[in-house]
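Here the chain labels run A, B and C in written order, and each chain numbers its own residues starting at 1.
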Amino acid sequence: MLHIKPIINTLMRSKSGPILLLIQIILSVAIVANASFIIGERLALMDRESGTVEEEVFDFRLYAFDSSIDIESQSLRDMRAIRELPGVIDATTTSMVPLSGGGWSSGYTIGSSEKTAKDTESAAIYYGDDHMVNTFGVDLIEGRNFYETEILTGSPDLATHAIVSKAFAKATWGDESAIGQIMYAGDWGDKPLQVIGVVDKLQGAWVNSSYLDNSVILNVRLVNVFTKVLVRAEVGTLAQLKEAIPAVLHKDQPNRVIEGFTLISEHRKRVYRNHELMATVLSMMVILLLLITSLGLAGMVMFNIERRTKQIGTRRALGAKRRDIISLFLVENYIICIVGGIIGGLVAVQLGQQLMTLYSLPKLELIYPIVTIAGLMVLTTIAVILPARKAASISPATATRSV
Amino acid sequence: MFFYYLDLAWRSIKKTPLLSLLMVFAISIGISTTITTLNVYQLMSVNPAGERSDKLIAVQLWSQGKDAWKEFNAQVTYQDAFNLRKSDLPVRQTAMFVTGLAIQTEDADFSPLLETVRVTDSDFFGMFSVPFLYGGAWDKSVDTEAAYQVVINEEINKQLFSGENSVGKTLFLDSKPYQVVGVIKTWNPSPQYYDVTTGAFKDSTQLFIPFSLAPIEEFQSWGNNQSWKRESMDTYSDRLNSEMHWIQFWAEVTDDKQRDEYAQWLTRYVEQQQLLGRFDSPEAGAQLSNVAQWLDLNEVVPEDNKILVGLSALFLLVCLVNMLGLLLAKFLKRAPEVGVRRAIGASRNQIFAQHMVEVGLIGFCGGVLGLIWAWGSLSMLSARFDLEESLTHLDPSMWIIAPTIAICAALIAGIYPAWRICSTNPSVHLKSQ
Amino acid sequence: MLSMKSISKVFKTDLVETHALRDFNLEVKEGEFVAVTGPSGSGKTTFLNIAGLLEGFTHGDYFLDGVNISNLSDNKSAAIRNEKIGFIFQGFNLIPDLNLAENIEVPLRYRGFNAKERKRRVQHALEQVGLAARMKHLPSQLSGGQQQRVAIARALAGEPRFLLADEPTGNLDSMMARQVMELLEDINKAGTTIIMVTHDPELARRAQRNIQIVDGQVCDFTMYQGGGYQGAEKPHLVAGAASGLDKSSDDSKQTQRVAS
């Protein structure tokens, strides 16, 4: 059977080779653990759902630069025309688009009296009409949608009713039902808003904000020369609607710029671009690093085998089986790998600590270095077994021949 | 002797192609990740203002109330910008924001374009060294007496006026006629240091119109608008009189002395405003930053990038350790030959030099290969992520930096193996066959 | 020419001290052909390494050409090896990747000769050993005897004052060995001092002078004049001692050949 002590003694005697391998493994573990932790963190961020039907909902911008246009009636006619187009499920005007990186947000005032008034968390503000819930495709889990008669037209300050996201309701009123609650857009008592519905999930525009899941929908059809329109249409119809919508709107009133057709799924891609980029670059790094480390490992094992050909031959002559030779090399490298892994794990935690203090990274989870070490053991096995099999086939006769 | 060593190095590389390839591969991968991240870092951390960096001053005011933001906002309110413009201390100064307008020409068939437009003062062009192709900025008097004038860039000029000198011609913005007074050459400083509020790495606006037109034409702001106070903003004059931060303000000074004077002037301005009931926070005041400070303050180089540069440096270190091990193996295998060379008159230094040349050659190959990888990965990343060209082109300096890092790194890795081989006793290897 | 005065060389490990040479004294005159014999492990190789400046020594003085080289820097001793000493090894030690011309060129490179001078000397050296036609061949394409002749050419190319040969014929069959020996004798006649370590009493007998090293000391010392074979008893004694003690060594192959 294997005797670990003599193996360790051998390792201690031939210093430089094992030490280099050790350093390499320590560094690899430290880098790979931290890199894969960052990758995992970014992927988790990117995995969050906006609550909308991202493949169906798109937005575009409509700019009425001709001051002779009556925007209010024009907008009503536009929306009606869009909803009638084939493929379109629903449409609304909006103040902002989820995951688009730009829009409106604010905190509100709540409380039963002026004295107990306090601010809520910030929330994204969607100004829209009774079609908005359906256009987003969000689930109304409590209360009701706006009635058509409740929709007001004009400035944001007109709003009276609100539909809020579950996250915002929970953050603001806790376990209490949000339906029927009053919140104020101004100071306490100023511009009251009554909550009439709660949607399961609706994200705002800023994916790096702490209040991404806080949203409110307010019952105002904004009137502005510059309008954002949200359309929900069957998947795959965007290409043809990109032509059809400007055609039908320009037929009615040509003095408008209509552009910027973008699916929410495309906004998602753009807004998470940096995270995806980071995750991609780090993944490339991890893969290459593991490749380099295992190639280096295999190279060192090959070198060791060559150097110890005679010794291996002697062992074989003394009755060592092929399996014994392979396990000799495996155990030798496992020892280096485990020692390097443990030190590397400590370095990884230290590096994580540094990254955490220097940059806004969360604390490194221990599972990452552990999984990294386990993965390295597997790699070590592969990188050692391949050359070691060659060593095992060294003829015992080698020992008797002088070099 | 160098060429002799080079010849020997090349023979040695050819003799163990797999091992040599592995080493070149290892170092090239290390170099390519380092170069890729370093390249992006370098492009991001450029200060495009160059030697004018110290003269251009971004102005920030702590005008918010007691419980509002705990830092200076990057922008100022319209009323403050309006007041600051009246100071005659700075050599030049400009207030600005970005809006969007529909462009039309006298040609009725030209379908309207929606373009971002920078609303700014005549000093903008001089302060930020904007190069003109035709004409120039509007007259300074326009900054106070509004006039419908516009400066356009080369590209729009091509689109609208087929590239000819369009100074004096008319184009329509939101159906209003504007007279072209200047055409600028393509100008795209990266990072866009004069306005980092909506991202520092995007193309600059193509049209410029006078700031003095804002209250008349009521241009919407397409930039960041940040309020700390709940104010109703039904009309444009509400907006102009509000405490909302949405205007960028820059001043140019000749030297530090003038900068100090300007700072004092701003302190007096804040005190004066406090008498009017504004600036009621104890931290109220002004902050001046030159371009370098401004880029730093706004964290133009993202954290991610710094992390990547750090990690790739560690990566390079792993590649070096890897290479060190392989070199050691390779060199020690050659001990008998070295023994012969030593016996017939090579000194330790000569053997050391011979091996360092070989390592340097491997490093050089690794550097060149790494540069190719880096170029490949940059173009792949930019295609995959639709990145700004200004961030992904391989900076020419990298053609020097990459091989230099590679050779230096390889030489460092080679010192120990080369020392080992030149310090072994030659006689040991002469007896054996 | 070469003068060693009470040289001693001690190898130390954690456990033992081995005296490879003890109070070793030797004088070699210009133009001599000295054969060194002795049992395995007696210090022959150590002596040769010290003489060739490949190893340092613990005590004593070593004068080469009147220069005390006891404490020379590596650079200086390399230069002396390069200019004054030629080495010939049992295993030829040609560099396998280099062709004959390039092998011979190696010491000339280190001496800093220009291309023209190198070419001239390579040509001359190869002519001396009769292999000028095979300049571009690799060592592996030659027979053992030819390889050894190339190694001699390499040693001669630098025009050294003396040659150190370590079992130069040990790996060769008797016919080739004789050719190499004749070559060495020619070189010696041309004025180069030669010190040759050998097991072969035949060869040793052909040298002007025989030295035997036993236990790190010069033990026996016989002078032959003009290559004559007077006093035939002594060489027999020497050869007998050598072969008798050599049985257990790893050089047994050569010993057996000598015996057979």
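Things to note:
The rule is simple: a contact is a pair of C-beta atoms (placed from the backbone, for glycine too) under 8 Å apart; a residue touches a chain by one contact, two chains touch by 3 or more.
Keep in mind it's a predicted model, so treat the numbers as computed, not measured.
In this assembly, C is the chain whose CA centroid lies farthest from the centroid of subunit A. A summary of chain positions shows that the Cα centroid lying nearest the centre of all protein Cα atoms is that of chain B. Subunit A and subunit B have centres, each the mean of its CA atoms, that are 26 Å apart. Inter-chain centre distance (subunit A to subunit C, centres taken as mean C-alpha positions): 74 Å.
Distance between chain centres (mean CA atoms), subunit B to subunit C: 69 Å.
Each of the following residues of subunit B touches two or more other chains: 432.
For subunit C, no residue reaches two or more other chains under the stated contact definition. Listed in rising order, the residues of subunit B touching subunit C in the complex are 1, 4, 11-12, 15, 336-337, 339-350, 425-427, 430-433. Chain contact summary for the complex, subunit B toward subunit A: residues 19, 22, 25-26, 29-30, 33, 36-37, 100-102, 112-114, 174-175, 220, 230, 232, 234, 302-304, 306-308, 311-312, 314-315, 317-319, 321-322, 324-326, 328-329, 332-333, 377, 381, 384-387, 416, 420, 432.
Residues 45, 49, 52, 54-55, 74-75, 78-79, 81-83, 86-87, 89-91, 93-95, 97-98, 106-107, 109-112, 154-155, 158, 166, 171 of subunit C are the ones that touch subunit B when the two sit in their complex. Taken in their complex, subunit A has these residues touching subunit B: 16-17, 20-21, 23-24, 27-28, 30-31, 34-35, 38, 61, 63, 65-67, 155, 157, 185-187, 190, 225-226, 255-257, 259, 273-274, 276-278, 280-282, 284-285, 288-289, 291-293, 295-296, 299-300, 302-303, 306-307, 355, 358-361, 403.
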